[in-house]
Amino acid sequence: MNFLSDTTAPAHPRLIEAIAAANTGFESSYGHDAISARVETRLREIFECDLKVLFAVSGTASNALALSVLCPPDGAILCHDEAHIHRDERGAPEFFTGGAKLIPLTGAHAKIDLSALDRALAEIPEGFVHTSPVRVLSLSNLTESGTAYSVSEVTERTGRLRQRPALVHMDGARFANALVSLGCTPAELTWKAGVDALCFGATKNGALGAEAVVLFPSVLDRFEALQGRQKRGGHMAPKMRFMAAQFEAWLDDDLWLDLARAANARAGELAAGLAALPRVEILHSVDGNEVFARIPEPLADRMRAAGARFYQWPDGSARFVTSWCTLADEIRGLIAAANRFSP
Amino acid sequence: MNFLSDTTAPAHPRLIEAIAAANTGFESSYGHDAISARVETRLREIFECDLKVLFAVSGTASNALALSVLCPPDGAILCHDEAHIHRDERGAPEFFTGGAKLIPLTGAHAKIDLSALDRALAEIPEGFVHTSPVRVLSLSNLTESGTAYSVSEVTERTGRLRQRPALVHMDGARFANALVSLGCTPAELTWKAGVDALCFGATKNGALGAEAVVLFPSVLDRFEALQGRQKRGGHMAPKMRFMAAQFEAWLDDDLWLDLARAANARAGELAAGLAALPRVEILHSVDGNEVFARIPEPLADRMRAAGARFYQWPDGSARFVTSWCTLADEIRGLIAAANRFSP
Amino acid sequence: MNFLSDTTAPAHPRLIEAIAAANTGFESSYGHDAISARVETRLREIFECDLKVLFAVSGTASNALALSVLCPPDGAILCHDEAHIHRDERGAPEFFTGGAKLIPLTGAHAKIDLSALDRALAEIPEGFVHTSPVRVLSLSNLTESGTAYSVSEVTERTGRLRQRPALVHMDGARFANALVSLGCTPAELTWKAGVDALCFGATKNGALGAEAVVLFPSVLDRFEALQGRQKRGGHMAPKMRFMAAQFEAWLDDDLWLDLARAANARAGELAAGLAALPRVEILHSVDGNEVFARIPEPLADRMRAAGARFYQWPDGSARFVTSWCTLADEIRGLIAAANRFSP
Amino acid sequence: MNFLSDTTAPAHPRLIEAIAAANTGFESSYGHDAISARVETRLREIFECDLKVLFAVSGTASNALALSVLCPPDGAILCHDEAHIHRDERGAPEFFTGGAKLIPLTGAHAKIDLSALDRALAEIPEGFVHTSPVRVLSLSNLTESGTAYSVSEVTERTGRLRQRPALVHMDGARFANALVSLGCTPAELTWKAGVDALCFGATKNGALGAEAVVLFPSVLDRFEALQGRQKRGGHMAPKMRFMAAQFEAWLDDDLWLDLARAANARAGELAAGLAALPRVEILHSVDGNEVFARIPEPLADRMRAAGARFYQWPDGSARFVTSWCTLADEIRGLIAAANRFSP
């Protein structure tokens, strides 16, 4: 019963098989392989638009690479104060952009508040040489609190940037989880809502280690620069076919959506079970595969004793992350153990 | 008959099997897995010393990460003019170090000439604030010309730095090939010869994508900084067990040495066959798995027509790279085809 | 009646004279001149300790240079949300440090709140590789609101960092103004209170363009690195004697303290006059040469019509900055004009 | 008899007077002053074109700022191996560009050889992602050997870049000396010859500390970015009027050309005198205010004993730099002393 993170889960067997299948004969390196090309084609179908894609080994890498072609070194990136790019990437965005400034904004449930966004924009006028100008808005979907921005919530926020020479980045480490939760199309949640570049994560949803940076039509002309950054960032893996093969199998037959649905379903069951316990409070809407709950300490201890592993979040709550392979039985067992404790 | 690069070769099946075997259950992420720990232990045995290791997805990444903890942003790195870090990494060392200066040195067969090294050191006095001080010497072994620095050649060069606060980096993208060719121990070729950090490559020698940065005892205290750099460089892959698993299988039962021996043997056979052809000149000592030859253009065309793929090098020569899976029959076939052409 | 900024004021004539006096014959360049040496000696007397100093042409430069030797590229700098280094330097600290992260903290009157500081420290544990560790606390004295941290307020804050490998930077663009207001010694307000490096500004207090980075005994060993950074930042002016000459004249006979006292006195008179006006609110304690007031718009217009120039601050208030050459008559005239308007 | 460097010379009195004259009343800061505007207008007349200008405190700063808007972080800058930007700026270009690579080229008398330039361009094809693409050619005029590129020599070299998306930087720390030596117009030696940006130095030719970055029509659209870089580099001096005032006085009535002519004349006299001495060899054409000579050691000692100060260059030669205030009598005295020694 490991709820620490979806990064502790194994990969889906079909991705392992795809890697083995890709391991035949010689193949062009550095992304010029046939599988990479097929994945790009498939992504065009999925996102219903022209696009360019490249792969990276971690979400930190894909976020930082994307931001590095969206934001100049002396620009600013608006993000939520709890955003992964601000809190959990050891300054990777600052590093890859050459020193851009991240400006953390507040907002409940890890969604950027519109008024906080407006205030930040008001405080940073265009053309004032002393202040890093706003060049990027970064939205995480799922957010760090496991909530999802709806299409209209994305659109509202991206719309605020329209009068500026600014672009929109979406950190989609758990994009699939948000997508199946919202029930919209990939296009609706991204470029149609004003998103210019998506970091599309597979690792947390069944891959061994494969993340994609997707550039939408508005920024296609930055792809050559992105490749340069990928290379000098050490992220142009020589035998790229093995990363592409993961994506191909993952996208094939909507496996990615099925895996996200499974993880989300487990999170829903876990949240329902926890909510029924006395003095347990679910803190955020469970829109994906994460549950944040305030749990009395004795009960939390009991759950740990029953074998559950989860993180204590900085705000004192407990974070449970389900994965594609979390079993419904595990959830039932955990809730049952908790119930035995709190009659 | 693909001799373009050892990066176009497939992975060895035992590494694929190791990945599949590692794909069971939940496992700590970001390098805290059991396999990573076992690999570190194994490397201590192999290198006969205390050491710290971390993994990266490309040689560019491992070189740049290593250099970033060896050289300050305002320091200089001495390397051969043809070094991969200078010619083929899109400025990754400059990026990761925060702007250190690479100073290219000359020398036949891609080995840094001792007199060129001495001249550079003489031109850059310590304590002269206007010039980037020498903080790193980088040696590639195998070199870019497929030659190997012997233990004494390494020692001679690293000895030149002893009076300075400088460290030695070894780019070992083809370290195994150099090692089996020289017949020395890993320790003799590295820390015993004055090397502080080794970039130990597996990708070109049978892995899917796995490179190791090894810190030897002299710089063990920089490991925490290295981890910080790995994280902010996006190279701390979440499911690190899959990279570690490759290394474990590769090191197990000396597979890495066997694969390098096979590739080297093929290169030797190829060089012997080519050398016997009229007007063909082998340009550098074939110490590993690379053969550089000057070949009359009609003969080169004939070889291409027979199915051989190889690069034309900037100096006009042909570069052939053999891999762990190059077949002796392929070499024989190619030489036979060439012989039919040049009676 | 220019209250826009103390950077719009002229230089004190004695500094111009010092520059003319320094313009005789040949002199060693790049800081090796005799005047620079004398200034360092004088600063040792003033700060009652061993120290090293170098000069820069702007406060942005001196702050960024100091931070670059206090904070590693993957570290974090805690500062007030309104700090000049965060709001008004176009990302210079991020640039010079190689991408360190500035973490803005809240607090009334532009002083970092102790609880905000504690919360930030609690949220960023040492040894957690994913988060940029706290390596610097930066305090501005005067603050951006014209208030002064007292010695005990400085000590309280620097004490919070004592358990960490962290250092303290003080942005003293208006250090003299804070000092004469507090009535303590330079040593008491800096190294005795836990400050490791001071950016000691003269430009806003009578110089043409001269700022000093002062390293106190705890970080003297970083001076060589600081010189390297100064050089590669383009801040090692060839004819440094002319910058040193400004400092020498400015420090001589306590001119710097007299100028600060004059500016502070004018600010006090202005605040008193404004406070007596109906519906005018002084927003922050006037500890130096800045007055922030909320002023009814018709009155503000009247003051502008009377010739006063001042900035409207982002929060809607009016900022008045007095300088060493602001005349008491100007203050009286402005207040009189305002009084005529609001009977 | 100080021939160490023109940076050890004092400033011309008219520039000191201009600074004193500028020190009246309040004035807009950060380059928005009236004098800065007048200098820009004057430079448009001098260079016979539209242009934008900003000031910096050192040649290192102006070179690095200019390069930072001409070269992307993953690009390469071609320069002479002895160029100041490569040898004497502690990696400032790497720092300001965010890690661009300087590729040093050979050539006699510190002029880039056309064949070396062609070879470098051939070795770095456009569109090869692994290699930093050539984005800037940097020419120093005067060169580091005191020679001048003629208009046609500049044009030949800049022409080589025409087929690439590359730009041309000229390091004109001693531009005035080159100009009066060549007898051409400022326009002919710069934008008409393919130069996009000029670092126009005054410090070595009579200023206290004032360098200008001039953007010509081809790159005017980069001025806003340049201002951003100036600010975040700490080079937007608050009281910019004092730097502008130096330039105004220096350009007024062709003072800058007169001072360069004086320095050049002294260098010519020195070279003629040295050349007449037995066993003394003048190593490079004396096109400006620098003389490089191979001098028998006993004679060099004698000259030092007579009071002459000069640097021993890395190649063993002696470098003499004359300045605007070097006296013809000093030259005569030195040569006379030398003659007394070598009868």
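Note that the chains are named A, B, C and D in the order they appear, and that numbering of residues resets to 1 at the start of each chain.
In the analysis below, a contact is a pair of C-beta atoms (placed from the backbone, for glycine too) under 8 Å apart; a residue touches a chain by one contact, two chains touch by 3 or more.
Keep in mind that this is a model prediction, so the values were computed, not measured.
At the subunit A-subunit D interface, residue numbers used by both copies make up over half of all numbers present, so the two copies contact each other through mostly the same positions.
In terms of the distance between Cα centroids, subunit C is separated most widely from B.
Separating the CA-averaged centres of subunit A and subunit D is a span of 50 Å. Taking the mean of the C-alpha atoms as each chain's centre, subunit A and subunit C sit 41 Å apart. If you average the CA atoms of subunit A and of subunit B, the two centres end up 34 Å from each other. Listed for subunit B are residues 30, 73-74, 89-91, 95, 98-99, 129-130, 132, 228, 231-232, 236, each touching two or more other chains. By the touch criterion stated above, subunit A contacts subunit B in their complex at residues 2, 4-5, 7-11, 13, 16, 19-20, 23-30, 56-65, 89-92, 95-96, 203-204, 208-209, 228, 231-239, 242-243. Listing the residues of subunit D that touch subunit A in their complex gives 30, 72-74, 98-99, 129-130, 132, 225, 227-229, 231-232, 236.
Partner subunit B is touched in their complex by these residues of subunit D: 73-76, 86-91, 94-95, 98-102, 104, 122-123, 129-132, 314.
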